[in-house]
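Below are two complexes that have subunit A in common, paired first with subunit B and then with subunit C.
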Partner chain A sequence: MSTSTQSAASIQRLQHKRQTLEDAYSPPANFLEIDVCNPETHGVNKDRYTDYEVRMRTNLPVFRLKESSVRRRYSEFEWLRGELERDSKIVVPKLPGKALRLQLPFRGGGDGRFDDEFIEERRRGLEDFINKVAGHPLAQNEKCLHMFLQEQTVDRGYVPGKVRTT
Partner chain B sequence: SFFGLVSQGAEIDIVLDGQESRKTAELKLEDGRKERLPLYYDGETVSGKVNILVKKSGTKLEHQGIKIEFVGQIDLYFDRGNRHEFVSMVRELARPGILTQGVCYGFEFVNVEKPYESYSGANVRLRCYLRVTVVKRLSDLVKEQDICVHTLAQYPDLNSSIKMEVGIEDCLHIEFEYNKSKYHLKDVIVGKIFFLLVRIKIRHMEVQIIRRELAGSGPAALNESETLAKFEIMDGAPVRGESIPIRLFLSGYDLTPSMRDVNKKFSVKYYLNLVLVDEEERRYFKQQEVTLFRRAEKRRRPIANSYIEQAIFHHRTAQFGQQQQPTTRAQQQQPQATPPLTTPEDAAAAALSPGRHGDANNSAADSPELESGSTHVSPALPAARSAPGIKDVLGEDDDDNY
Partner chain C sequence: LFWQTRSQDMSGPVTEDQEKLLDEALSVVKLQAFQMKRCLDKAKLMDALKHASNMLGELRTSLLSPKSYYELYMLITDEMRHLELYLLDEFQKGRRVQDLYELVQYAGNIIPRLYLLITVGVVYIKCSEISRKDILKDLVEMCRGVQHPLRGLFLRNYLLQCTKNVLPDCVEEEQEDSGSVSDSIDFVLLNFSEMNKLWVRMQHQGHTRERDRREQERRELKLLVGTNLVRLSQLDTIDVQRYRSVVLPAVLEQVVNCKDALSQDYVMECIIQVFPDEYHLATLQDFLQACAELNPAVPVKNILISLINRLSAFATRDGSNGIPSDIPLFDFFSEQIAKIIENKPDLSPEDLVSLQAALTGLALGVYKDREDYVDKVLETTNSGLDKLGRLDSPTKKSVSAYLLQNMLNNGTLVPSSEQVEQLLDLVRCLVADPGADAAAAAAAATATNSLGGDPGDGSANGAGPDSEADNEDLAEEQSLLGRVVHLFSTGPDLLDEQFGVLKTARRILATGGGRRVKYTLPPVVYQAYQLAIRFHNRQDSDDKWRKKCRKIFEFCHSTVCGLAKCELPNLALRLFVDGALVVDKIPFDQHDTVAYEFLSQAFSLYEEEISDSKRMTCFAAENHEPLRSQTVHAASKLLRKPDQSRAVAACAHLFWSGRPRELQGAEMRDLKKVGECLKRAGRLASQCMDAGLQAQLYTELVNYYLYFVLQSAGSNLDVSQLSSTAGQLLAKIREILSGLEPSADSEHIHKHFEATVEFARSQSASGDATIAGLLAQLEL
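And now, the complex of A and B:
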């Protein structure tokens, strides 16, 4: 009943600045898209491995390149996860499974970890992983993430550190 | 209420004067049930009658005296037996004697002081009640009757708005504004959120009302947070230059006035929590304390009840003569500096801290939050892995942990 004693003026919206047309129609400042696609299996027999294209498009200033495309394999995703767990304060999301069982010999049927279905599932999990990580403001500070996304090869002997000064 | 119903011999009943026309208020009991109690204000006289009925006619009830007490006490739940009485008045009703039939005694606690509001919380309870005791040799007969006390405060003279620029460097900068720093319980929070920089993908934004109860003091003090309201104010992704309005009606929620250091035993504080959630369920938040107070009803009831008029008269006179009433203290409170990122619930989300032009009040020096004036600083997200019970920022979102 007390709202009847409140005038319309007392609950009127606060004054605000009008948005400029430029701000309203510019592309958003948070554009970040990462695709994990084009899986390719290299090598023969026992020394085979699968890698994926990690393609990134962004307009975030923290990333040096606004477009990049690199090829990465599962162990390199694992490496990235380990680096982030150690150096950044974030709780790093999980990777898709390691598929240890599938690597045992004589597992009936299919190609094990080179099975199309398995690769597709893994591809999806890796895409979810990298999108979650790359969009994290704290992870964006880590050199390992930038190297992973934008350098052609991952140099495991790099010097860990931050991109932005802390 | 039938508190402490007597076992043998007699039935004690406390009847308050004017109960038919007196306002009532709901208060939560220790077991969670809600009870409707007669409402009294500071300085109001508490009077009535005590009826004692001897159960079996013909039996004699021998007693060592009958008295009635008016008690105001604070119970700290976690410290069993820790009861502190801040008001205690006693009236003798009868000298030692023998009761053979029903008897009725009148009582009157004139203009009795009720400095604090009744409060029933998670770890502490403040209650005011009448207690009749029939003293007997072996065990006393006791009957209690609770009342509810409300403290009223004047509308503060100084009630500045809260306006602050906060964010995470290079990722998210917003300016939030709330029209006041002190709100009465039926007030409306009018505000706005202005986006200066949006480099994350926001999915929605909400305002929450959080009550924080601090019971006890020193190392044994217990801090209990409860989210009383969640109110979505934006759905979708904003861009720079957009303003999102806030209009939150407080009368829809179960709120009490802010209580500061009541009898040095407990505090109840309220915070507005602005929460932004991004596409990956990461939460970015900014808590801001607000002061809530209870304003006297502007409208008087058409039925001119002498007790209510007396109460307002006594309340006003009570306010004049006294030095530092808790009610006036509540008015002079300034909005607090940002609480640092200390509790597990807080630590699981990113705290937005003042930007370069932000509030100088903020004592961010010791907290993981950003210092104002810094140029490139990483956001304060937690070392959440090792601590149990802390939410996974990048994983599942558990609203209730908040």
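And now, the complex of A and C:
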């Protein structure tokens, strides 16, 4: 519908199929929520380390489990980042700091890398990281991501590869 | 760029930021609006459109809450009116802008683009009727470009508001492509379904922990969706046919398929409120069918009750034709409610009851002569509650109480014995303790006048001490039940049935035991008294009215005696006195005997209780004075003089030992009144024809005098009056006796007299100087 002299066909509106009621009202299939929470410090003295719960809720078809909860430590996040940088085509976001400075004795004050404030800051950084990564379709193709999110332990001896899309 | 998952969609920011963000946006709007108007003044349309576009760009934000967004939207759309008016002016003056409709589509961002398109499109419609249909279709379709729930809802709202007065409202197209009401309906229905979709989708935006806040925000926006229905109701050409075949099915399809409780609840209510009642009557089945298919979380009962009440009001309004006879309204609702009960195993008892109550209201309001409807309701309620299985006792009680309260609020009558039985069965947890053997207690009640409330009968009375809270609760429950008794009414004509109803009521309520009957049986008795009066009023049309009245009073008598046995003497006394007053007014055969019987029962209760000081305290707590005067009054109204005399004499006791509250537990000892009573009794006795009887009465009176004189020993009351009158009486008696013919009766009277005198002598010789002094005047 136009009042100009141009040929009507070229500026016609596109026809579209009417959306089904099912599609209109189903919950959108882009639900992905990952919480990094409940930091816990394990072990004693020099062999102490902190890990976090990585809790995931999703309705994306690509993920096998719609809900999962695993515990991961910082080094495992580092491992994931490494794998993705090597194999996927995405620009992988940065992780929160390594806290090298804090590991030196008498520096940083408090408990060093077991300090509550530090742990909270790190937690937030890890949460932002994993949400960004898991939402990317190219990262979703990688086996390492699925193992990281949905297997109880990270097997560093796994065979890297792509997830077959159904 | 990363794929945007919805948890990253930051649509719920902090409140302190909201104010700041909104202020910033508003100031941009004000600035751009000012620039736009300046350009329009200088007829620089393109520049004005640029500023308009900048202004509209503020609506692209994701950072504002619905409330803030609304405020921003209002300001912007206000300013857009200026643009619209300018364009209308230009077009009407013949200065059409070429291809404006295409031009605005070059706006860089979709939000400004579509708002401008709508504005221009409406100008086109207002200025030339041609292609109205096409423009409207194009606009409603193009809005699909915004799928963000908040932004999309407001955009489509803008579309609705702008097109308010230009939607075609005629059956046939007036000109080619000007559109008819069908096109308007399609337009609004499409807009409605898209808006509902966006509204439902809102709940999925953002993190799961924000769910409640999102739901609240959705509620704030519900009006935007509802406006579509309002718009439909404003199209005059839509008649009930079109509503039924086109409009309602489309709306219901969206409602049912969206499966979202919040949307369903709102939209169904909206339909009821927005469209006329005639339409609802015509589409009842479809609507109710949809109700049955809603999400279980929707409170369907509220919707149904809304509808039932609305239709009841419609039917009973002045000047209304009522419900068309081909619409079995009651059956429809009854069926649907049954379906709902079936499909919702977790329907709470309170919900069930309120549904049934609404239905009862309908039956009574609209179908007054259909008693079977009320029957049906009670039946379904009963079976419904049964299906709900083992409810715990407090729940059962509160549901029953709720039902009763509802009946009282609506004035629901229970017009037959069967229904009384049904109702009391329904609320049986209030009527009696579980385990009280209803059949046995009932048999006992009718046979022996015992109301199962003997202290020894643990089960009916309830064992163990009652806490104060329990007693309060019980009192409340039972008063409720008692008040409902007044709803047991067969209507003004069926008096015999009414008696049947009262008998049934008593039979069942008696199983409640002593604790309960004190609340529940008095209403039965008072109803019976009223019934007797009504029989009396109907005496012309009923030969047997005398017998019937007698039977009624027999019924009352036995009931009140039963109450007396339950340690409720005060209650029984009052009921007897009131009964006597009623009997007095109704001249059925031997009503005087009946009245006497009532009063003497009253007095014997009174006398028994005098000895028990504990009782007297309770008695005194009530309002003594009216009772006294009532009793005296009743006494003097008895038909036969001897009865009157005796009764009035007995009243003397009231003035002696009564302990009204004013005296804080002390006995009244109103000597003056006592004297008056006795004197009056004496006068009445003197009017008796039968000398022997007179003597008998006087003797009895002397006994009374003696009693009071002796009672006042040790006090400073002056009983000289009493004594002297007593002395006079003795003289009179002697006189009469001397003239009496010897007979069995006269012997008896003699004996009584001698005994009295002997008693007096013994008292006076007892050694107590004061007593002797008091009795001196008797001239023994």
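The working rule: the second predicted complex is superposed on the first by the 147 of 166 C-alpha atoms of A that agree within 3 Å, B and C clash if a C-alpha of one lies under 4 Å from a C-alpha of the other, contacts with A are read in each partner's own complex, and residues count from 1 in each chain.
Assume contacts are C-beta pairs under 8 Å (C-beta built on N, C-alpha and C of every residue); 3 or more make two chains touch, one makes a residue touch a chain.
Small disclaimer: the values here were computed from a predicted structure and weren't measured.
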Practice task
Return first, second, both or neither, reflecting whether A:V62 touches subunit B, subunit C, both chains, or no partner chain.
Solution key: first
Practice task
Applying the touch criterion given at the start, work out whether A:V159 contacts subunit B, subunit C, both or neither, answering first, second, both or neither.
Solution key: neither
Exercise for the section: Going by the touch definition up top, name the partner, subunit B or subunit C, that contacts more of subunit A. Expected result: B
Practice task
Give one of first, second, both or neither to describe whether A:V44 is in contact with subunit B, with subunit C, with both, or with none.
Solution key: neither
Exercise for the section: Kindly classify A:A29 by the partners it touches after superposition: subunit B alone (first), subunit C alone (second), both, or neither? Expected result: first
Exercise for the section: Classify the contacts of A:N141 with the two partner chains as first (subunit B alone), second (subunit C alone), both, or neither. Expected result: first
Exercise for the section: Applying the touch criterion given at the start, work out whether A:Q12 contacts subunit B, subunit C, both or neither, answering first, second, both or neither. Expected result: first
Problem - Which superposed partner A:E85 touches (first subunit B, second subunit C, both, neither) - result: first
Practice task
Please write out, lowest number first, the residues of subunit A touched by both subunit B and subunit C across the two complexes.
Solution key: 1-3, 11, 13, 24, 28, 30, 32, 131-132, 135-137
Fill in the blank from the handout: Per the touch rule above, subunit A residues touching subunit B in the complex are 1-3, 5-6, 10-14, 16-17, 19-20, 23-24, 26, 28-30, 32, 60-62, 85, 89-93, 131-133, 135-138, 140-141, 162, 164-166
Problem - Contact set on subunit A toward subunit C in their complex - result: 1-4, 11, 13, 21, 24-25, 27-28, 30-33, 57, 131-132, 135-137
Practice task
Please give the residue numbers of subunit C that touch subunit A in the complex, ascending.
Solution key: 2-8, 98-99, 101-102, 131, 134-135, 138, 141-142, 193, 197, 200-201, 204, 207-208, 253-254, 257-260
Practice task
Using the touch rule from the top, collect the residues of subunit B that touch subunit A in their complex.
Solution key: 168-172, 177, 179, 186, 188, 190-192, 194, 197-201, 237, 239-243, 245, 247, 249, 251, 278-280, 282, 298-299, 350, 375-379, 381-385, 392-395
